[in-house]
């Protein structure tokens, strides 16, 4: 007979999903909680930079599309919090950890949205990078996470197309609009590349995650996919590629690219981004402003339960 | 020998000012407290409708002029609170009475400022009407009030010229600007006439105030002055006079004018104006938000006094 | 009323309804990422979306009737505050969650009666828009009704906030039942709605819900009016500054 | 540096200083009718006015150097957020009274050292503007110094607010002492200021005041930068929406 550990690894090898009630190593559970909740926080915090432009969207159609997109991100946050909760933690604790800075969210959301074109760039590049990662995570070993990814990927692809379509409108618009698009591309391209995390050699959580098939592809492989797919998209827009060192490597069948400024990456992660404080403070403020609402719900529900009990006892 | 009452009336007759330490009838004192504090509240509440456009003034010069004007109104509020305090009341109590609705402010400030032209119309018409009244009040019988009026009149005349000058820029500007000016004139002309209060026959406080020379001219006389002075100003702007019944009366040497819609006047006074609630709530909010600042000042001053005492005792 | 006038009146009417929808949709959208918890954040965004959707349909129809090549965005983005014709209740600030929910209750109950009338319009486009909106409104009212109960009969603090919001908003409800000659003529022509007639039913249902929620129906002792003649509170100007800035800063662009 | 470049650089420099002033002046003006009591409301409006005044002088000089018929208002009202060059600390929101006062303290002490250097500028216009501003700044600092003492050493609540504001703002102070090649060259040319050299004195004085006010000098463990290259926080966009809306909605008008 197999030990639980052996049985667990057998399933992993056999590409069977691990389900909430299955035995799993504690480190696997912790690793998943960290990763899925971080993903959930990213969806929720990601509502802010785009939310910053909802009231200013320049057409009603764009306003509806953006509002709907930000709403979807909230929905993704919900799926992912639910998926995390299957691992035996509570959403309230996860949120507290994010608010205290103990849990992270994707550093990309610490960049400010400065112009309307940033909404396009985020949909196209940031969601685009996220999808490359998420497609690979559809095959992740934990069942609830995998199913959440499948569901999320569909919507994200839709968002990415909308973002790119917004960029097309700008890039093919007036000179001022085109400049706005180029500027947004310049600012978001490199941070999007950084979304895949450090180079494989320096990635803290990678090895174990690969063994357990939580992660299915390495940071650098995923990043390369994104780099390759983005080149023709930039060309179609008629914009200048922000990476001046970009070159097609026929041998590798991939684009070689310039060096990422990791100093900048760690700089932003370590609290020197424009919005690190703002994002968390915004979340805390909304949460605190909503405390009386949540209290009232609890009180109302308690009253209703008491009434029902009374009625039953009277009957 | 004269009784204090006789002596008081003698001074009034002789155009001598009544000063804070002089004997005065209690009704005179109460009447003054009501009138001067209402005037003070009007200056302070009047900061809001104009303050509404400070961040949106369309040129830096206009922004500076408007900011400076609203600041002056705060200053007038201060003089007038000080003048009221000479009658043995405290500013905090006056403010509380205004916040509770017990004390009034000029109903004109319950009208919203909807466009930039309203800033011009308020300076020109509202300050203009106020000045007509205040010039007459320079001769009011209570010394501190009279001196405050003299000081305030100078600044108000300056504000009125600036307001009128703003209207000239609009009325002589683009068609859209001219339409904006006409619209503001249409909305503020009648409320400005109402600022002088009900017709003399219906004015509650007038008779006694005239006897005591708190008021020096009747509501209708003051209103007539304002109507007459405004006609050539509207003509110079090239705008249409909002009163279609306006006609020169050669016999009286004054303009006859259409009937004021007193229903509208009482409607706004009685709480159906656009901003009645907003103005008071704004004042209360700012006051409450500032409570911790005032508390800290008090605490700090107490600490400093304690230190000084300690040092003295040690010396 | 000649045919030409009827068309112009219908265009004006569609514009008014579009203004109502876009302004309230905008206010609701201010909740996105600011809700009291995630589910509610999403739900509020959803209601906002319904209103933006209605605005688009009404404006598109108004543009079609105008027949001068204008689009929905010309209506939303290039008219000044004084040209907007929304009823004032829609432009009041977002406020706290109690304020938002009380406003929704008042407006949702109104729409529950107004839209079925509009759905009978002799104008098939307006009838079609109303028909679609009825379904949305059913969901909106279910929400605002439930929240009114929860918050009214929740904690002492939530009760107070709800009652205060109710007192602040009540004076703006009278305008919902006003009609100027244009709207009266359209109602008589079977295109618009005789809205004054809806007040008793509206009041009865609102009162019933408020009472169930342990809240007190305010006195009818004040009323603020002016939206349909473009006489607005100071809030609308700031809303339009936000909404129109970008569109106006780059005139003539496609987005 | 050729004469022509010097002129262009000076124009850019005057624009930057104008941006700093207009943005902070705008923020301070948001206090008008919102102050904690009337005297303070008036005083804050007064400081706001000083900054608007400085902005006008700097922009007018920039316009003169540009020599293309542009005016101060073209600089203030027609440039986008990405073209603004103010240091970020000036664009951060108004915040509460503690936040406003801590920012003023940090900026006022800075100006106490910066302006006397600028007053020695070989460019007599810049020197003249600085000379005028020195006097204002003396008054500003007296105020922010006193308020820091009162609020820092007032109640427990006011102390906490002050310390929190200080922690939130500290990371934005580093940018005050940065200089790009343009500003370095201007400083070398005797026109600008070697601002990096001012930090030790600034830090000493700020620290002394904070300590006197029983506040803790924050750690230097974070810094946000970008204002001088037009890389702004999300706050500036909203500020400019407000400020520029009317001017842009009616292009080409005189006001």
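A, B, C and D label the chains in the order they appear, each numbered from 1.
Basically, contacts are C-beta pairs under 8 Å (C-beta built on N, C-alpha and C of every residue); 3 or more make two chains touch, one makes a residue touch a chain.
All values reported here derive from a predicted model rather than from experimental measurement.
Among the remaining chains, those touching chain B as well as chain D are C. A separation of 42 Å divides the Cα centre of chain C from that of chain D.
Put simply, the C-alpha centre of chain A and that of chain D have 37 angstrom between them.
Averaged C-alpha coordinates give centres for chain A and chain B that are 57 Å from one another.
For chain C, residues touching at least two other chains, in rising order: 80, 241-242, 245.
Touching of two or more other chains is recorded for residues 56 of chain B. Because contacts link the chains in a way that matches no line, ring, star or complete pattern, their graph is best described as other. Pairwise, the chains that make contact are A-C, A-D, B-C, B-D, C-D.
Within the complex, the chain B residues that touch chain D are 44, 47-48, 51, 54-64, 67-68, 70-71, 74-75, 77-78, 81, 116, 166, 169-170, 173-174, 176-177, 282, 286, 289-297, 299-300, 303. Only residues 49, 52, 56, 112-115, 183, 187, 270-275, 277-278 of chain A touch chain D when the two sit together in their complex.
Partner chain B is touched in their complex by these residues of chain C: 80-82, 168, 171, 221-224, 226, 231-234, 237, 241.
Those residues of chain D that touch chain C in the shared complex are 80, 238, 241-242, 244-245, 248-249, 251.
Contact residues of chain D toward chain B in the complex are 22, 26, 29-30, 32-42, 45-46, 48-49, 52-53, 55-56, 59, 72-73, 76-77, 96-97, 149-151, 153-155, 157-158, 161, 242-243, 245-247, 250, 252-255.
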